[in-house]
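Each of the next two complexes has subunit A plus one more chain, namely subunit B in the first and subunit C in the second.
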Partner chain A sequence: MITIPKWTDGPVPRTTTARRRPPSRALPRAVALTVALLALVGVAALSLGEPTLGPVRALGALLDAGDPAHVVVADVRLPRALLGAGCGAALAVSGLLLQDSLRNPVAGPELLGVSAGAAVVMTAVVVLGLQVPLALAPYAALLGALVAGAMVLLAIGATRDPEHVLLVGAAVSAAGAGLVVALVGLGTEGDVVLLFRYLLGSLAARGWPHLEAVAPWIGLGLLAAALLRSRVATLALGDEVATGLGVPVVRTRVLALVVAALLAAASAAVCGPVAYVALLAPHVARRLVGTGTRRTFWVAPLVGAALLVAADLVCRLVLYPVEVPVGVATTLVGVPALLLALAGRRGR
Partner chain B sequence: MSALREPTTDGAEREGRRRPGRPGGRSGGGGARRPGGLGAPAGVLAVASAVALAVAALVTAHLLVGRSEVPAREVLRALTGGSGEPAYDLIVLRFRLPRVLVGLGAGALLALSGVLVQSVVRNPLAEPATTGIGAGAALAVVVSLVLVPGHGATYAVALGGALLAGLLLWLLGRRSLAVTGILLGAVLSALTSMVLVVDSQPMGTVLRWLVGSLNARTSGDWAALWPWLLVLPLLGWLLAPVMNVLALGDVATTTLGLRPALARGAVLAVAVAAAAAAIAAAGAVAFVGLVAPHVARLLVGSDHRLLVPVATALGALLLSTSDLLAFAVSLDLPLGGRSVAGVPVGAVTALLGAPLLVRLVRQERR
Partner chain C sequence: MTASTPRPPTPPSAAPSIAPSAASSAASAVSADGAPPPAPGPSLEAVDLSVGYRRDDVLSGLSLAVEPGTVTALVGPNGSGKSTLLTTLARVQRPRAGEVRLRGRALGDWSSVEVARQLALLPQSAVAPAGATVRELVEQGRYPQLGPWAMLRRRDDAAMERALSLAGVGALADRRLDSLSGGERQRAWIAMALAQETDLLLLDEPTTYLDVRHQIDLMDLVGRLRDEHAMTVVMVLHDLNQAARYADRVVALRGGRIIADGPPAAVVTAEVLREVFEVEARVVEDPVTGRPLFLAL
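== the complex of A and B ==
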């Protein structure tokens, strides 16, 4: 006589997904919230600085070419804010793809060496005076990003222990940072501006040409990520489940990694490896709408964009007239937040 | 290979041999009777003589290679107490000899610190360069140079900063030393950059601590480093049995009569001191503290009584060889005239170390 234990006998294991998923109205609400936040930060980025304009005046100057403040708003602040938003969105989606496809909460381009690899190549291009046109810079950055990322992924292999990933990524990133410092020190007798652009990331002195160079890459990457998002969501359930659902696991993971590297490289090509935005934005998005790549995909880029534009604004103003590299601000905010995220995960 | 050497072909035993240093893997080495891959006295003798030979070759190469031509006979005469040519004396005794000695010493201390840190963190991928200790040294030097421009006490300041960062690591890292170290390093580097943005004048000096370099080391640097070399390797070796016990896990440690927190604190203290002394002299050279212990583990197994001395010796060889390579490359560099600084050794270890790390980690997992 075979007795089949009744499924409801014991306490039903409540998965974290089930517990943390808010009602379905959360998604539109979160999107509206983040869009409003981004708009607010964007207007602030257009109006604050030297000269400080009122928000109405700033928006007016943007449209009215005869206004004396038009140049400042339309040619300096607007491209910079748009670039910040674009790179923030790209980094956030890059982090989201890495975290969900590797099922690792601390995966991010800065901790997988991807950002460092891109930075090394870009530094070499600038310092050694290689003649690479601005439009081709993302290709070069992508090459470095893929090499460094592949190295870290090869070393960590199948393990999902976040500590392991962090340690290998940190070692490769440290090596990348060392190479950047060495290149800058060798070529230019310590050009601080250059060092910070490629070591920490900075949005200083970026204009329309930079935006034009990188926009197609970010657009392409976001589009690819949008196409991949439901497959990556299946991957987050586990390899067996994903295989059972007919998703080719290895191919999807490699695709997701390449797209993530592309997005991170595009951003690193123009503003350097801005740390911790990619790591943080997906976590914030999950807080807002719960886990699941399909849902977080719509929120994470908005969060990342708002985060980077806000951080850039703070860096522009806090030590005026000196600009702090934006990577400093994102690191100082991102590290405690990451610690919280890890502590919360371990506590569960 | 252990199946050949030993009559026991117990699967778990062999499994443990190939996966050293993993928590719960197996006891941290089988004691003096089974010291891993090499037979005890003959193997130790062979390794020791190989190391001595390699050190001699490295020192010779370092003393002979340089920007200015110094004949071998003159080098020997300068070493044995004065030749007729003061310029040769100066080159050999004040520049070339200190550089190779600092390289050997700093490499040894970095590798020693690597073994100890990996034991405390219980993760074979930890290394001193990513614990925030190097970032602490850089921050201290930058701040001191901004407050007192052009002071000469950078070694002392860097040492102080590194030790402070180590203390901070111990205070904050209750939960996970590995993660705390990486994040501490990120925050300290960000603060360093913030100070450098305001005042970029210490940039040239601080590059050394940011990447790790042995360029322009003089006898003063060696004088500050050697006392540490007398004390710390000995302390590390004395702690080896403790680390063997710690590798068994906290429960076993307590059962065997050691307080895990206390034991780990002692090991970490020596690790931080070794890393601080090395980093203050040579900067945060990446990968030496990671690769040397791994290679040593492949050679002699995971008994810390053998691992500590072998890894220390390998670290010395690794850093000094990389430095020789860096120096040889900078001699041929087309930038020559403009930049006398040369390729920093940290760039060489980074280039060599990253692929080596991937290989070693994969090999150990198999």
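== the complex of A and C ==
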């Protein structure tokens, strides 16, 4: 029924003279590299700390319930590493969706009000002494994050203008940050701990219940992002080009925002507003496999996971026995890395 | 189907012909000995089309039928509705009244992806993602053909290679767009549209901001797409002399209506120029091409 123009049946010309990095091979290579990196960081996260175990010993203790180190490896370090990996992946994909669908390289979930929404709820729970059982705390934070995200999405309406999305998101985030400060002001000195446990972004003292609470949301979000990725890729070329390619632009952008908000909310619910992972991981992924959401989707979550697990590991060890909130580390690493990336981009 | 195997053109940037006059005046003859047009009747048709933003109608009751295998130029002053007509033909803009027909069927009866498999649009609003290479851009043109899992298959790679070569950017495939000249970048975008493998190509002011040499290269490419690949091209052009030189048909718009429509010699006349552009001009015969050439008085 569809007539194919005749030139499409012709022989395939060899156009490329210097194929330094054919995309077909760059992607599997980057995936292998980042998986290896993540595995390495993961084993380190299981092994290091107090007590420090060799990697073989740590993996052995994980499987052997009779090992004295089994509890610390299997019930403390493993869920924490998995949570770091899951949240890192969620943040990375959230940032990727936002950056490509809004055509803004510095867009991130911070600008959707999602992190602020979760922070407001968690602060309120602690400062006002609300009776929320520990097991339900992640859900409360998730609710706050989703409400804030929904507010931004409703305020935007069916806009065609990506700039508008960022402005509304920044306004809601600022309002959330103000609320957090106001709530902390109501509290006592004892509540300062909250700052370290949650508001700066932390993975300390998280375990299987936290992981169980958010894993389904993260899984759902990643699956939805996988289905959206090639549509989102076309949005990066401009709304008219995307429409010309047959993509429903407004619907795709709204879906991308919803999925990004869901992923960021799941992450913020358990580990607070971890800064810069969402911003940085997509840029690292683009360095590895080039632009195009269809490919970067496979690499960005692995990068984000490795980043967050590694940052958490460093925070756990550097001032032992005191833990530095992981959000501090991601900020300290994220800002110079981002500046370097921007400088390198302009220089070439 | 009867066409002899179309040889992909030799690297076009290597030797642009200096005198395209013979080729372009013999255009109709060339397409006549090629394959007959696949479907009789217009490939794209606007029927009684009205399009507007808010209260004002940009186009009102406009009808236009585009014949397959031709190059049509839309000309007119700023705000005449020529870009709106182009984007409406491409289903980007919804008409208020009337309809656009693709192969005789209303655009609304096709799914958006089916339309994108038959009609490629290069709008002016195109944005190159920061840091993207030519190949990454061209890959996006494969979106309408991708399967449910959106993985690129061998035939997608083949289509991309052909599009790169046809647009003359094969050697630049792995270069970043922001490192290219304006002319090269425009060709990269054309390659993106060609990767869609459509019969119909809609271009919005493809030569704006290009220097003379790149303008000529681009127009020659449009001529080749029609002559060697039986493509149908509709483009908005700012430069009336360019339209007269390269198009088979010139459509002059003003205030959302078609003022004149026909072969260049019939449209590029002193009277039409006065009515459409409010320009007093003398029209002479271009000594190189034999097409009309206007000189403002």
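As a convention for this text, the second predicted complex is superposed on the first by the 255 of 348 C-alpha atoms of A that agree within 3 Å, B and C clash if a C-alpha of one lies under 4 Å from a C-alpha of the other, contacts with A are read in each partner's own complex, and residues count from 1 in each chain.
Heads up, the rule we're going with is that a residue touches a chain if its C-beta (ideal position, glycine included) is under 8 Å from a C-beta of that chain, and two chains touch if they have at least 3 such contacts.
All values derive from a computational prediction rather than experimental measurement.
K.L.:
Is A:V132 contacted by the first partner subunit B, the second partner subunit C, both or neither?
P.N.:
Neither partner.
K.L.:
Taking the superposition as given, does A:A337 touch the first partner, subunit B, the second, subunit C, both, or neither?
P.N.:
The answer is neither, since A:A337 touches no partner chain.
K.L.:
Would you sort A:V43 into first (subunit B), second (subunit C), both or neither based on which partner it touches?
P.N.:
neither
K.L.:
Going by the contact rule set out at the top, does A:V314 touch subunit B (first), subunit C (second), both, or neither?
P.N.:
Once the two structures are laid over each other on A, A:V314 reaches no partner at all.
K.L.:
Between subunit B and subunit C, whom does A:G292 touch in the aligned arrangement: first, second, both, or neither?
P.N.:
second
K.L.:
Which partner does A:A175 reach: the first (subunit B), the second (subunit C), both, or neither?
P.N.:
The answer is first: A:A175 touches subunit B but not subunit C.
K.L.:
After the superposition on A, what does A:L143 contact: first (subunit B), second (subunit C), both or neither?
P.N.:
A:L143 contacts neither subunit B nor subunit C.
K.L.:
Just subunit B (first), just subunit C (second), both, or neither: which does A:L245 touch?
P.N.:
second
K.L.:
Under the stated touch criterion, which partner chain does A:V35 make contact with: subunit B (first), subunit C (second), both, or neither?
P.N.:
It touches nothing on subunit B or subunit C.
K.L.:
Following superposition on chain A, which residues of subunit A contact subunit B and also contact subunit C?
P.N.:
none
K.L.:
Would you pull the subunit A residues touching subunit B in the complex into a rising list?
P.N.:
Subunit A residues touching subunit B: 151, 154-157, 162-164, 166-168, 170-172, 174-179, 181-183, 185-187, 189-190, 192, 195-196, 199-200, 275, 319, 322-325, 327-328, 331-332, 335, 338-339, 342-343, 346.
K.L.:
In the complex, go through subunit C and note every residue touching subunit A.
P.N.:
3, 5-8, 35, 38-39, 87, 90-92, 111-123, 125-133, 135-137, 139-141, 143-144, 146, 150, 152, 157-159, 161-162, 164-166, 170-171, 173-174, 176, 179, 192, 196-199, 228-231
K.L.:
Can you tell me which positions in subunit A touch subunit C when the two form their complex?
P.N.:
2-21, 23-24, 100, 103, 105, 229-231, 233-234, 236-241, 243-248, 286, 290-292, 294, 345, 348
K.L.:
Could you please specify the touching residues of subunit B with respect to subunit A in the complex?
P.N.:
123, 125-127, 129-130, 175-176, 178-179, 182-183, 185-187, 189-191, 193-194, 196-198, 200, 203-204, 207, 210-212, 284, 286-287, 290, 333, 335, 338-339, 341, 343-344, 346-347, 349-351, 353-355, 357-358, 361-362, 365
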